[in-house]
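Take a look at the following structure, please.
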Amino acid sequence: MFFASDNTGPTHPAVLQAVIEASDGYALPYGNDPWAARAQALVREVFEAPDASVHLAITGTGANSMIMGAMAPPWSAIFCHEMAHILIDEANGPQMYSGGASFAPVPGAGGKMSADGLRAILDRYAPGDVHTPARGPISLTNITEAGTAYSLSEIEEIAALGAKAGLAVHLDGARFSNACAALGCTAAELTWKSGVTAATFGGTKNGCMSVEAAVFFDPAYDAAFLRNRMRGGHLLSKHRILSAQMVAYLTDGLWLTLGAQANAAGRYLADGIRAHVEFVDEPAGNLMFVRFPRALHRKLHAAGAQFNSFADVGTGPDDEPIVARFVCDWSATPENTDRFVDLLKAG
Amino acid sequence: MFFASDNTGPTHPAVLQAVIEASDGYALPYGNDPWAARAQALVREVFEAPDASVHLAITGTGANSMIMGAMAPPWSAIFCHEMAHILIDEANGPQMYSGGASFAPVPGAGGKMSADGLRAILDRYAPGDVHTPARGPISLTNITEAGTAYSLSEIEEIAALGAKAGLAVHLDGARFSNACAALGCTAAELTWKSGVTAATFGGTKNGCMSVEAAVFFDPAYDAAFLRNRMRGGHLLSKHRILSAQMVAYLTDGLWLTLGAQANAAGRYLADGIRAHVEFVDEPAGNLMFVRFPRALHRKLHAAGAQFNSFADVGTGPDDEPIVARFVCDWSATPENTDRFVDLLKAG
Amino acid sequence: MFFASDNTGPTHPAVLQAVIEASDGYALPYGNDPWAARAQALVREVFEAPDASVHLAITGTGANSMIMGAMAPPWSAIFCHEMAHILIDEANGPQMYSGGASFAPVPGAGGKMSADGLRAILDRYAPGDVHTPARGPISLTNITEAGTAYSLSEIEEIAALGAKAGLAVHLDGARFSNACAALGCTAAELTWKSGVTAATFGGTKNGCMSVEAAVFFDPAYDAAFLRNRMRGGHLLSKHRILSAQMVAYLTDGLWLTLGAQANAAGRYLADGIRAHVEFVDEPAGNLMFVRFPRALHRKLHAAGAQFNSFADVGTGPDDEPIVARFVCDWSATPENTDRFVDLLKAG
Amino acid sequence: MFFASDNTGPTHPAVLQAVIEASDGYALPYGNDPWAARAQALVREVFEAPDASVHLAITGTGANSMIMGAMAPPWSAIFCHEMAHILIDEANGPQMYSGGASFAPVPGAGGKMSADGLRAILDRYAPGDVHTPARGPISLTNITEAGTAYSLSEIEEIAALGAKAGLAVHLDGARFSNACAALGCTAAELTWKSGVTAATFGGTKNGCMSVEAAVFFDPAYDAAFLRNRMRGGHLLSKHRILSAQMVAYLTDGLWLTLGAQANAAGRYLADGIRAHVEFVDEPAGNLMFVRFPRALHRKLHAAGAQFNSFADVGTGPDDEPIVARFVCDWSATPENTDRFVDLLKAG
């Protein structure tokens, strides 16, 4: 009953096999390995972007922070949702890599920045006055931190607002494949065809050991990213370990297959628990937030179910509904979920 | 008709005279001048805080940013109102001096952080998880950016919340004297007696040429502030220019006299225009935001009145009410204000 | 003929096997995996330091930079040899993680900071003046960047100078095991018993896939390191990948066996080429710099030998001696070396 | 007997008068005052550079650091003499404003970077490898920190080396006027005519209250400088205080007159003491370092002479020669110097 995160599961066998093979023999370091070029080519192919700049990083926080470091000058503000991972969960990494950019949090229901919310905040950061931080990039997360998904038209609307103001758009795709699977769209549609300038393309939460790709559809940010990757200690000498994972992940559409699997597992779980919990938002993929009574949280944890409770489980009224987060990864099985749902139903 | 800011007016003669005197002859540099110790002693006396650390800075943005740099670790978040000067108007200075702290904006009516708003945001930055920025200091502005004032009990309530969470409290006092005059309280009451840990004590907007004091009631931040002041290029070799201003400003209560004068001028203006404009918030001191029709903005600007309009004055419906900001400094005269009010009344 | 670096070779089978095992099944993320505690315990055991703080990082540049970030305030200067990796080869990573510390390069023959050199530079950074950067930590590399080794008494002398000045000492041990093997000393003797405060304990160059340990013998730096590790994107969600490597590396003395193997391979190479090249410094371990004619560089590269030439090989006098760097890792075989030496001898 | 620094003396009456006048009445803040444009025009005129970007700062450390912040990316190294003020005496300010650039100290006799020394260090920072900090700007100080002066041809040689490597050149002119007076050259010759890209044009040490100008002959750095000036808290609201000083300083050649006066005072002092001390370097302007016995230091200090001794005066052999620094500013009088020389001669 592992629903704590999609980073707690096993490495997919095909990815592991690639790492095993790449661990043997000699290869030049720092991205000069033969797998590196193959990984870059595959990312470009998947994104239908032959000119994209593609670089690998070891973590999602690293990739996001280094992309922000390349896109956001130190005197600028990054526009993101007020629950964005880069704002709340990356320990000021974007600040460090950018040399001091700030955030301009944008409100919006369901974990999604609203166009009206963005307009209002953009007004607050009107250009032309050296006192106010300059307008920096807009960053969206898809699948969002609330488990919902921006539709392509929602991304387009925000990107159009950005374009009008001369701002680039970043997509935090820690759950990129889940978003594509949920929306039934291509990687290109989720990004540059909708106006996105750069994306974090996540592998770690979807069967990889630990690898993310930074994908830039505008070459302007390339040099700064590469310098920051080295400064941050993210350029692996044995870079082939990263390359090999990405090659396996992109071969034969594995990335999308696994994302669809995880989403299906998420749907199966959601359907199983729907009658017994209150959904904070209707989940789009493999991640969901629901409310149910504290006493039940306690019971499920005691039974060995792994999930996050966003309140003190130990103290407080037994029947007060508190929020839980459940995540399914590609390896989740119906049996595991059934067992959990049965426990939950038993109340 | 100068209402653009309280930084557009003349230097008070007593302050100017002190600068003239200090400009003559020889003095050791970098704060080793004889005026420096006198200035520090006077600040401590005014704050009834014989152990306070007192250091001078040349600007308010510098003082605030360097104080934040001393109080906020790079991995922390600073809690401030969503309209706070440090968030919106200091060009990411606090980020630079702190090495990358972020902001956690707190909502609240009338430019004042509400205790409930602060509680909710503190929850979002729960300690114990290395992903979330650590809880940094709380920063209040008084007179607020909206022209209102936190009462002593409001400051106490926020400081108590902070103390419970182990957080220090900073008071941005660019208009410190106006706040004291408005609340009828002492400098000590406005700060440490209400739970404030450190304050920016502004002089520039209130008759000084350019000087602010950073006042720490907790010695923990002293060393970092002094290093940052030097790193930032704020340690004047001819520091006596700053010292002399502060000495004159604190002699015979000039600081409070001038603040009261500015507030009285503000009240006189507010009363004069009240029947013809809509106040965004009822002003507490010398700063106010009001709405009146765009056409009238245009007319007043054309007549030479200096004030800020927070919308495009040139285009848009003539009768749409748009926001203007008026500020009176210590030197504002009734004649000047009468002239302006007459123009406004004429419509 | 792979002598380019000790980061170009294969992962040791025992390390790979551990990664394979750890890749299976479910484990809590972010260092809460069961292997993490085991790795920490083994490091403490190897260092005979039951109270040491131990944290894993993915790269040596990351580990060094984050340790410097914890030990060097932004207003301080780090004392290191003028050829130190942290100064020349880490792309200003220590600057980023420290928020702006500078370097005070110390001269010294054979890649080793001399005590006299350090004394002279310490004098230049005399404390008590806020203009001069504060004295930060001293950082030594062992095996040095020149392929030599500091003896224990040399480390002690420098650490004693540091201690007298109140300065902590860091040891960059990218080739830690090679240093221990070369000096015939224990990990404890190489570090805390000689006055070292914190060490980077390298695994990547010695049979691991990609892992380093930051080891602090003084708990003062722990919190800052952990915050910086997260800020920098170095806290792997699938941290077990790192833990497992370190566990295998420290089991049954594998770390030291492999270091000794690499040193033996280095000696074998050095002895083979000694008659035909000029050594810049006598090598202590697995890394050496030698001079021989440019034409020979060209010939060896053409024959497929991998090593670095520190000058333009293509142009310039054929018989001008230019510098080459050779490194042997644990997997180097006599056959491979013989083949290379034969080529070299053939001239 | 004030020889401690040229920042200990009085403000020149013409500068003071300008400040007095500018302190009266109303003026727009933040550099929109009428004096600002006049100051910029005068700087451009003096530098014969009608397209130069000119911005004022309050201190030399601030100006230097902010210029470095604009010219040096965070992943670059700044080339400067190993005794440079920006390296040793600005508390890591350039690091902070640049977001983490490092220094590459260049050796050279007499406080002057030698062309050969620069060539050797440039080689160490060879481009094309992401590990090594990128080559950043070259920064020269004239009058140097040793009291000597780079000749125009020396500047040209270094700037040519820089140009060949694609590097910009900064001139730290805390004693700019002294350098012009010493070399008998124009401001243009000292800078852009010799290949300099940007200069700090100092006023504070030469009769101003506290003002420096940052002068860019290449517009590429303008935007970053302006953002950094605001971030650093160096954009004075009452900017007219700075503008007025600069206007007075540049009117009727006052800047050069005062520099020549200070140099003449320096020469008078040097000639007076020459027979009794050993010069570390022959002084070019108003600043000199000399050696004479410790006991004499003690006696002179006891007699009230103000100068810096670079060793412990209190303890150590009486007859050991230790270094003293003497500086004369524009206001130094022969009588004052005669009195000091007599004391020195008396031994």
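For clarity, chains are labelled A, B, C and D in written order, and residue numbers in each chain start from 1.
One rule holds in what follows: a contact is a pair of C-beta atoms (placed from the backbone, for glycine too) under 8 Å apart; a residue touches a chain by one contact, two chains touch by 3 or more.
These figures come from a predicted structure and were not determined experimentally.
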{"item": "Between B-C and C-D, the pair joined by more C-beta contacts", "value": "C-D"}
{"item": "Chain at maximum distance from chain B, centres defined as averaged CA atoms", "value": "C"}
{"item": "Cα-centroid distance, chain B relative to chain D, in whole angstrom", "value": "34"}
{"item": "Length of the line joining the C-alpha centres of chain C and chain D, rounded to whole Å", "value": "40"}
{"item": "Inter-centroid spacing, chain C versus chain B (mean Cα positions, whole Å)", "value": "50"}
{"item": "Chain C residues counted as touching two or more neighbouring chains", "value": "61, 74-75, 90-92, 95-96, 99-100, 130-131, 227, 230-231, 235"}
{"item": "Residue numbers on chain A that touch chain D, as the complex places them", "value": "30, 73-75, 99-100, 130-131, 134, 224, 226-231, 235"}
{"item": "Chain A partner contacts - residues on chain C that touch it in the complex", "value": "2, 4-5, 7-11, 16, 19-20, 23-29, 57-66, 90-93, 95-97, 204-205, 209-210, 227, 230-238, 241, 306"}
{"item": "Chain B residues within the chain A interface of the complex", "value": "61, 74-77, 87-92, 95-96, 99-103, 105, 124-125, 130-133"}
